Amino acid sequence: MPDVVEIGVGKVARRGYHFYDVSIVPSRRTRDVDDVSTAWQLDAYRFGIPCVAHPSDATMSPATAIKLGQLGGLGTLNAEGLWCRYDDPEPLLAELASLEDDSVAATRRLQEIYAEPIKPELIAERVKQLREAEVTVAVRVSPQHTLALAPVILDAGIDILIIQGTIVSAEHVSAHDEPLNLKEFIADLDLPVIVGGCTNYQTALHLMRTGAAGVIVGVGQDVWSTTSDQLGIKVPMASAVADAAAARRDYLDETGGRYVHLIADGDIETSADISKAIACGADSVMLGLPLTHCEEAPAGGAWWHSVASHPKLPRGRYASPDPDRHGDMEQLLHGPSVDPSGTMNLFGGLRRAMAKCGYSDVKEFQKVELTVSL
Amino acid sequence: MPDVVEIGVGKVARRGYHFYDVSIVPSRRTRDVDDVSTAWQLDAYRFGIPCVAHPSDATMSPATAIKLGQLGGLGTLNAEGLWCRYDDPEPLLAELASLEDDSVAATRRLQEIYAEPIKPELIAERVKQLREAEVTVAVRVSPQHTLALAPVILDAGIDILIIQGTIVSAEHVSAHDEPLNLKEFIADLDLPVIVGGCTNYQTALHLMRTGAAGVIVGVGQDVWSTTSDQLGIKVPMASAVADAAAARRDYLDETGGRYVHLIADGDIETSADISKAIACGADSVMLGLPLTHCEEAPAGGAWWHSVASHPKLPRGRYASPDPDRHGDMEQLLHGPSVDPSGTMNLFGGLRRAMAKCGYSDVKEFQKVELTVSL
Amino acid sequence: MPDVVEIGVGKVARRGYHFYDVSIVPSRRTRDVDDVSTAWQLDAYRFGIPCVAHPSDATMSPATAIKLGQLGGLGTLNAEGLWCRYDDPEPLLAELASLEDDSVAATRRLQEIYAEPIKPELIAERVKQLREAEVTVAVRVSPQHTLALAPVILDAGIDILIIQGTIVSAEHVSAHDEPLNLKEFIADLDLPVIVGGCTNYQTALHLMRTGAAGVIVGVGQDVWSTTSDQLGIKVPMASAVADAAAARRDYLDETGGRYVHLIADGDIETSADISKAIACGADSVMLGLPLTHCEEAPAGGAWWHSVASHPKLPRGRYASPDPDRHGDMEQLLHGPSVDPSGTMNLFGGLRRAMAKCGYSDVKEFQKVELTVSL
Amino acid sequence: MPDVVEIGVGKVARRGYHFYDVSIVPSRRTRDVDDVSTAWQLDAYRFGIPCVAHPSDATMSPATAIKLGQLGGLGTLNAEGLWCRYDDPEPLLAELASLEDDSVAATRRLQEIYAEPIKPELIAERVKQLREAEVTVAVRVSPQHTLALAPVILDAGIDILIIQGTIVSAEHVSAHDEPLNLKEFIADLDLPVIVGGCTNYQTALHLMRTGAAGVIVGVGQDVWSTTSDQLGIKVPMASAVADAAAARRDYLDETGGRYVHLIADGDIETSADISKAIACGADSVMLGLPLTHCEEAPAGGAWWHSVASHPKLPRGRYASPDPDRHGDMEQLLHGPSVDPSGTMNLFGGLRRAMAKCGYSDVKEFQKVELTVSL
């Protein structure tokens, strides 16, 4: 049953499946779309939709994080993003709305803009703005900066901490610094922590054992990211999520009942992808690129992945705004839609997929039947 | 033998095959093309070709439904289509012949046009028109509107009722309304009912047990429909039809001889696809997009799937007319063809495929050998 | 080991491989290219290269059939082609050199031109021309016309008879006419007969049992043919040839030593395809489209498959001449090449592939190792 | 477990995997990128990066061979390239920087330019130039010319000899000449020899038994080479490297400890490909096309494979310079990068991939986990 192939004599590989390899199969029952709930609860925080924002400056500003929260999702503030590097990043965002598509010039400009140091005082200020809006406040920090920035972030009074890098392991090795010990760090906190990304059963299980409330599965890959071209790491998301769901079951058993939430981050462009992520076992999805399609997008609809500005090895291409955007974030998330491409009314699409398959809540929908095509 | 893969630890999926994954293999015998019959009989109704029209306004008007009936197929009237919403839909159809290809503007206009309420009296009027032409009269209604519209439809004096939605199950659950109980509803009727779509063995079997004379397999997907992008549901048609054919065999055994007809609805663009649908076990095919290619097409060759006008979640793109159409419906169905693309002389193509493989009737042709490519 | 998949419950299909799915693997030995022989012998006729011309008027005229014979291959005269319908087809060929690419107008014109009846006296005249050039004379006729045309063809004094249709079976069934009994027909002849196309083990074996000297495997599919779109028949050539080679072994055993030659006809565009056909078990290849690339091509490099002119169901698209042709037939077959695309120096490519794998003759090269990619 | 399919009855093939079929899976541990070593040692020669230059004149001149050596790689001088045919090839290289992309004219010009005889005295002169620069000196010669050119090459005082052809076997058969006996030839030398290419376990093992210090795996295929179209030979590199690594293990056992280095040559365009080659078992990679992207490229960024100039069967297309080049060889190899496509900072990408997977040296990284997608 384990789907293993022999690459060459003595060298094996697991076969992995992407979301585009799988489809959902309705079976037996159907249900009224109005009887379906898309609610998601993480720790004490309840959300109308199973949605966390990817911490890209292209989609998340304090304003859009608040808006997303008001619409039922979880907005995020990137402690290493432009809003925590610049007093007023809006002129930069305006500039970033109009660079040349997929160009070296755009990459160079991203590198320059992100060379500006992080200003801890700005983190506190931005968090305050979110708190005042009375939405759940989540801040993202990379593992490398966690020890340095955590004090200011936590002092600012947040609800959820997201420790996120391309690949985060429970055991980081360093010859130079004392690395972050996730398990000890999380044990000392009294707020839920989401960590990731990870890519398979073992890394997911190890991250669960750190005490995290949620684990991010995937590296946020999208059509503009180039991690696969540069590192050779391309996560077959359907398999990665299903593997992590198996880890969640085993960890639940090992702990006698601790349920860790899985947040799928990668290859999610359409409502179909959201449905498939949940069908594979995710509790929630992380939205990056899809959030550029609404009017509120901070850089006018332009997109760059958070690793696209890396000073030595940028791993994403700059995408200029899609001229064909229409509608605001509410329409994007909840409809009504005027665009049949699957990028509008994202959670209405999830709701309808659940209805067609007869499921009434997100957790149940993890059991829906799948088919794989050639 | 069952072709199951492990997506991730503990999560399995059936491998599904599309029509484009399979090809027909001639073996042993050949036959004169003139000795081949493409006849199909459903209940008391006999057809020269195994063909039911998909109930899209882009292809079915009363006039084209009559023409199709005269040419040996089964035309359909959509009780929820434009002809049952507007006294004179022809100006609208003329407008719909000239919208901008695959545009949001076209989707918006479809939504507006279909917002007009259904007028029961028009259903009766259109049915009368079909009856007068002495063709077999089939009317399509969605499960949601069946209880409300069935009285007027049945009173109008039809031959075949088609209850069709994207996904129809034998067990619809609703917290608000008393849902349609298909089994009881059909038992009370004395005319053959076709129901669907469904996507696998179980849903097909359950629909057969409702007493339906025919079951639609598939969700009508074509290159312009976007159900797969929005719901994550993409039906591997070769597998779905073969699965439903297995359900038909089992139901035949369970009932001691009740044969339920399978109508394949999805991914049928060419005569090759018709041949493959039957080779996989279908008794007939449902034609949508292919019927836009004839001169009689009501909207001048434009195409939109019946779900393309959904007010909240449109699931199909508007396709402007193919400027390269040639020939009338007779040539489209029976030739002669002047277009080698497989979209003209559709049933001449089926006939010739059967001849090359040595089969003389459609039911026998369900046994033809298949091959699958990578 | 037999590579069978389950399409749906109870419906199986063989997995088939195309030439583009397989590659040749050199192993152990290499050899000087000058030590390699590409010779092929069919019955008493010896050829420098394992090459038969596909009987399309786009590539075969009496002049090019003679040229091909002089260059080591087997040219063919199509008894149902333009040279046997028109006294002087050259003005038509000139017209056919300049039609609009892949157009309905071109298909219509082909249908008109081929509506002209076959003139038996022209067959005799064309054969005479070939005999005078002292090349091996092969004439192609379809199974439908074999009984009517065979007398005049045989009287004309040919060397090899090719009975070829899209699909030829050893058991053709007809309600109207007494069909051709291949076995009796061939038994009465004292010249070698090549028959086909066929597509799998059984049809190949049955055709061998008719007494044929050679069997054509495949239906001549190329990028311009549309048999797969119209009939659903697409032959996975690597598998079909390998299956037919197994039939050849079994027939050799069953007859105590009668070796039937396999001529691969389909998906052969490059010297790589020739090598792969032989690697799968073919003794020779049938060249259609590749022969349009030389200066001598009768219609200036335009291409249409012999079924592209069918009056009711044309199954091939007209291809206007490739403006990028260079070189004559000798360069095309034997080099030197100035075009790295694999379409020039076709048999030099075969020779070099054999050398790189250490084989010295075509029959041995049937054993070369293959690999399959995803 | 061995992944063998049945092409047709009785004809089997190994399933092979390309680099683009596989991805790297980080598991468990991560590591600081600064703690990772990319060092490689062949015999007495130590390199900062596991990189050998493909001996194409498009990328290797004496100047760029020296530069590559200074940057940690192994530059190569092609004893059969332009620098050993012409006193001053620079005007020709300037011309070769501006031919028409993928044209027959370019192929013809390459054939003319390479028709110039090799001048042994130039080999000595070029080697002297490299020696004076105090980099490791490697010279490439084809098996056909090895016996004739070896004396002058060896006399010139080189460090490493590379005997390289498209396919090199340990047993070359010739009816005319006494062929090169690699085993005897290498035994007589007191410097390390690299030989290849080879494509599977057996050819790799046989080449190891010749006494070679390194074996080249693959035929140098890239997007511009057409060996697969002409010879039908397309090497699934992931499988070929893994097979050769198995041969290396077996040879290590058979000899009680002789470790032969594997140099992957084919389908390497990005840093991801470098990582995958090593993940499959390579010790080093051979870079051809990727080296055209730097400012120092001798023909201004144009590319032609060394077999593209073959007088009878050219097997590569001429590629005009990519206008979008940026940066020098140091940036190309070591960054910083301003191009997210994976073609800049090639070994920084390898280093980071190793870090994300927790490995600290190249040999260890051969154990990293892989996944295969459909």
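For clarity, chains are labelled A, B, C and D in written order, and residue numbers in each chain start from 1.
Definition applied: a residue touches a chain if its C-beta (ideal position, glycine included) is under 8 Å from a C-beta of that chain, and two chains touch if they have at least 3 such contacts.
If you want to know which protein each chain is, UniProt gives these names: A, B, C, D = IMP dehydrogenase.
Since this is a predicted model, take the numbers as computed values, not measurements.
Chemist: At the interface of subunit C with subunit D, does the proportion of residue numbers present on both copies reach over half, so same, or stay under half, so different?
Modeler: different
Chemist: Between subunit A and subunit C, what distance separates the C-alpha centroids? Give it in angstrom.
Modeler: Chain centroid spacing, subunit A to subunit C, equals 56 Å.
Chemist: Where the CA atoms of subunit B average out and where those of subunit C average out, how many Å apart are those spots?
Modeler: 40
Chemist: Residues of subunit B that touch two or more other chains: which are they?
Modeler: Each of 15, 17, 239, 372, 374 in subunit B touches at least two other chains.
Chemist: Report the topology of the inter-chain touch graph, choosing from line, ring, star, complete and other.
Modeler: Contact pattern: a closed ring, each chain touching exactly two others.
Chemist: Sort out which chains touch which and give me every pair.
Modeler: A-B, A-D, B-C, C-D
Chemist: Considering only the defined contacts, which subunit B positions touch subunit A in the complex?
Modeler: Listed in rising order, the residues are 5-18, 21, 104, 107-108, 111, 166-177, 179, 198-200, 202-203, 206, 226, 228-236, 239, 308, 311-317, 372, 374.
Chemist: Quick one: in the complex, what on subunit A touches subunit B?
Modeler: 1-3, 15, 17, 22-32, 34-35, 201, 238-247, 249, 270-273, 275-276, 279-281, 324, 326, 335-342, 345, 348-349, 352-353, 356-358, 369-374
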